[in-house]
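As written, the chain order gives the labels A, B and C, with residue 1 at the start of each chain.
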Amino acid sequence: MIVTILDVVIAGLLLGGLYALIAMGLSLQYGVARVLNISHGEFIMLGGMTTWTLFTVFGLNPLLSLVVCGPLAFLLGFIIHRTLFKRLLSSSASPGIFESNSMLASFGLLFIIQNLASIYWGPEIRAYSYLRFPISLAGALFGANRLVTLGVALVIGLAFYLFVARTRLGKAIRAAAQDPATAGLMGVNINTVLALCFGLGAALAAIAGVLISISYPVNTSMGMEYTIIAIIVVVLGGLGSIPGSFIGGFLLGVVGSIVIYIDPLLSLAAYYLIFIVLLLVRPTGIMGK
Amino acid sequence: MLLVVLLLLAGLPRFASLYNVVLVTSILMYIILTQSWVLFSGPTGYMSLATAAFFGVGIYTAAILGWKLPLPVVIVTAGLLSSLLALVVGALTLRLRGIYFIIFTLGLVELIKNVVLWHAIKFTGARGRFVVLVDNNTIYYLMLFILVVLLLTTYLIRRSRYGLAMRSIGEDEEAAAHVGVNVTMVKVITFAISASFMGAVGAIIATRWTYIDPYIAFKSLYSFMPVLMAIFGGMGQLYGPILGAAVFAYLEEVLITKFPYYYMLLFGVILLVTILYLPDGLVGLVQRLRRGGWARGQHANT
Amino acid sequence: MPILEGEGLTKHFGGLAAVSRVDFSVEEGEIVGLIGPNGAGKTTLFNLISGALVPKEGTVRFQDRKINGLKPHRICRMGLARTFQSVKVFPNMPVFENVLLGSLFGTSGGMSSADAAGEAEKALEFVGLSALSSIPAKDLTLANQKRVEVASALATQPELLLLDEMMAGLNATEVAEAMELAGRIHDRGITVFMIEHVMRAIMNVCDRIMVLHHGEKIAEGTPQEIAASKTVIEVYLGE
């Protein structure tokens, strides 16, 4: 009995850690850069699939893939923002128009990235075996890969959260999220900050993807479901609140783990039920105003 | 002009090959999906991504009921079920800011797919279902009929006080509320009407596919395509989305046969190019050409 | 019994109290003015009355029925109409359609299309815009756009009309015309509650004036009493 509870709790924390990462990434992109990035899940997918390739072809330790995929995704996100979204920003007549145009543009990105990935990797489901030995905890056995993933997710999530809350750059980001115009006047290079945030968001997604691939199988169409989960967590935590996404991620992860224990196919339905209740009762979310 | 086109379309199966009838049926389907999307999302400015959900509901209605009931009844039922779903979704989300609506409709397709899959595996043991067979000409005429009904509906709504209310909501929702427009109700009802056409079309096309499963019926692609087609065609004029859908649907057929592995990529590129360089779509292009073309550069872009 | 009364109205934005425990009442047939420095909470008070915002505390009663918490379209159909400080017209729609919306949707009984069209024409005539009825609202001058807004509000057949800074941005001639319009509205038996910054307009047109400052009501009385009030003068000079 205790084993089962522990199992569900650990799975919940693992799921929660992953959800927190992807939600914080999306929160950065939407909260600061004001882009509802529908292609967010594709960066997760890229992280996972790249790790698979690096492991099976080059034997690269997936934890080291973090160091490869994270910065690469950051660069990709940064460049995409500088070229595509910055251009949209200047050609959009109002913030509202920019929001819809940038979302549509992210559709375009979704199509492009997913198609390129399918061409390169094909549609098959991929998995690899890393740290798949059991560790004994409180008299029960748990996969080492899942424990390690959980630990890394927690560490990165906390580190990122502290980064936004405590550092100067983090303050600049929060200022830009609150009021881009004023932040610009106070010496914050707004364009760089926006691109930075978009890149960081992509990096977080890729990192989550790497971690996901350690414990779960991956394939080129896995992105959409994660995008939706990220969005639900972001709304749950409060649109634009990074701490909210962190907390919301864990909440949803624990719920998800419980539901998966009951019936694996119903997790998304459970999340949507929470989403519906949220919209009915408190659309602004946990930390929203 | 429209009448001529409709008459030509009516006579198509007589003189065209089977391949062309099937092709035009697909094009008509996309036109209906796009135009019904525009019916709601155009005037109100709320971008719905639920098209695939309503479309899928229609498909499954045909799969489940097609064996037991005559086809017209099935189609009407599909339309009703889709509008019921739309009423629920609309009542839930249309009273909130637009972003919540977009987000909710985006995930709706995945949600329904998962639920249907769960149900199929748990209760029927099989992932998919077979759909009753209908001949291609019947399918074609049914599609054409729905298109005519849709065009008629669009026209009547536009002319009515109802269409006036919808336009006012798109211009300034708060002002509309303050002159007495029941904003939420208008939005929800329009949403339901547009969904009914999507469901009807899904029911019709399912009979051509003959075998369906949750992955086939509930594809996010069918939510994105009408948006892409409407923007590509241009939302500035009434004929824009229809033109966009026609051109794009034809392009899709060509691309899928020639580049089956690249077509999504090309769609994405076309979407990006359209948003960046052709924000008014084909309609904008036509208007610019009418005003004297790029080469002369005398007329400023509006 | 007053046609409109508010009791203990409070509204917060974040930590700031925009409106704080405001009581007021407006008698039928009056023209009441609402003044105060920028940021005093005047428009917020109007938003609480018209249903655009929900009060944190307090009640609003219109014709002795509680209206706080109702949606704006319901309040409008009950006979309470308003204009906005930022001139909300429907920019791409012709003037006539702007006003037609009011007569079609905003009246308590609902009308046939023909009757509504007739009412809209009458409202347009009343504000003097009949000649411009087919022009898109965005192409009008500011003064005329404000008239369109007033016409739309009048088309809903209100008993009470909230006017939010009807004279902002108008030149001297236009202000005089607006004052005359307000007077004619009053003559029709419609109660008027107006926010204004243009002092001479308020002083000349209103029966009574209320003063808000930092979200609280600090004074109330006839124009003469308000003009002589030390509290009010300090508040404005201190600005």
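The working rule: a contact is a pair of C-beta atoms (placed from the backbone, for glycine too) under 8 Å apart; a residue touches a chain by one contact, two chains touch by 3 or more.
Predicted model only: the values in this text are computed from it and were never measured.
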item	value
Chain B and chain A - chains in contact with each	none
Chain at the geometric heart of the assembly (C-alpha centres)	B
Longest centre-to-centre distance from chain C, chain (CA-based)	A
Pair of chains whose C-beta contact count is the highest in the structure	A-B
Rounded Å distance, chain A centre to chain B centre (Cα mean)	31
Whole-Å separation of chain centres (CA-atom averages), chain A against chain C	48
Rounded Å distance between chain B and chain C, as computed from the means of their C-alpha atoms	42
Contacting residues of chain B [partner chain A, same complex]	47, 92-93, 96-97, 99-100, 102-104, 106-107, 110-111, 114-115, 117-118, 121, 220, 224, 227-228, 231, 261-265, 267-269, 271-272, 275-276, 279
Partner chain B, residues of chain A touching it in the complex	36, 38, 84, 87-88, 91, 99-101, 103-105, 107-112, 114-116, 118-119, 224-225, 228, 231-232, 235, 239, 263, 265-266, 268-269, 272, 275-276, 279-280, 283
Of chain C, residues touching chain B in the complex	50-52, 71-73, 76-77, 81-82, 84, 88-93, 97, 100-102, 104-107, 113, 116, 152-153, 155-156
Residues of chain B touching chain C in the complex	161, 164-165, 167-168, 171-172, 174-184
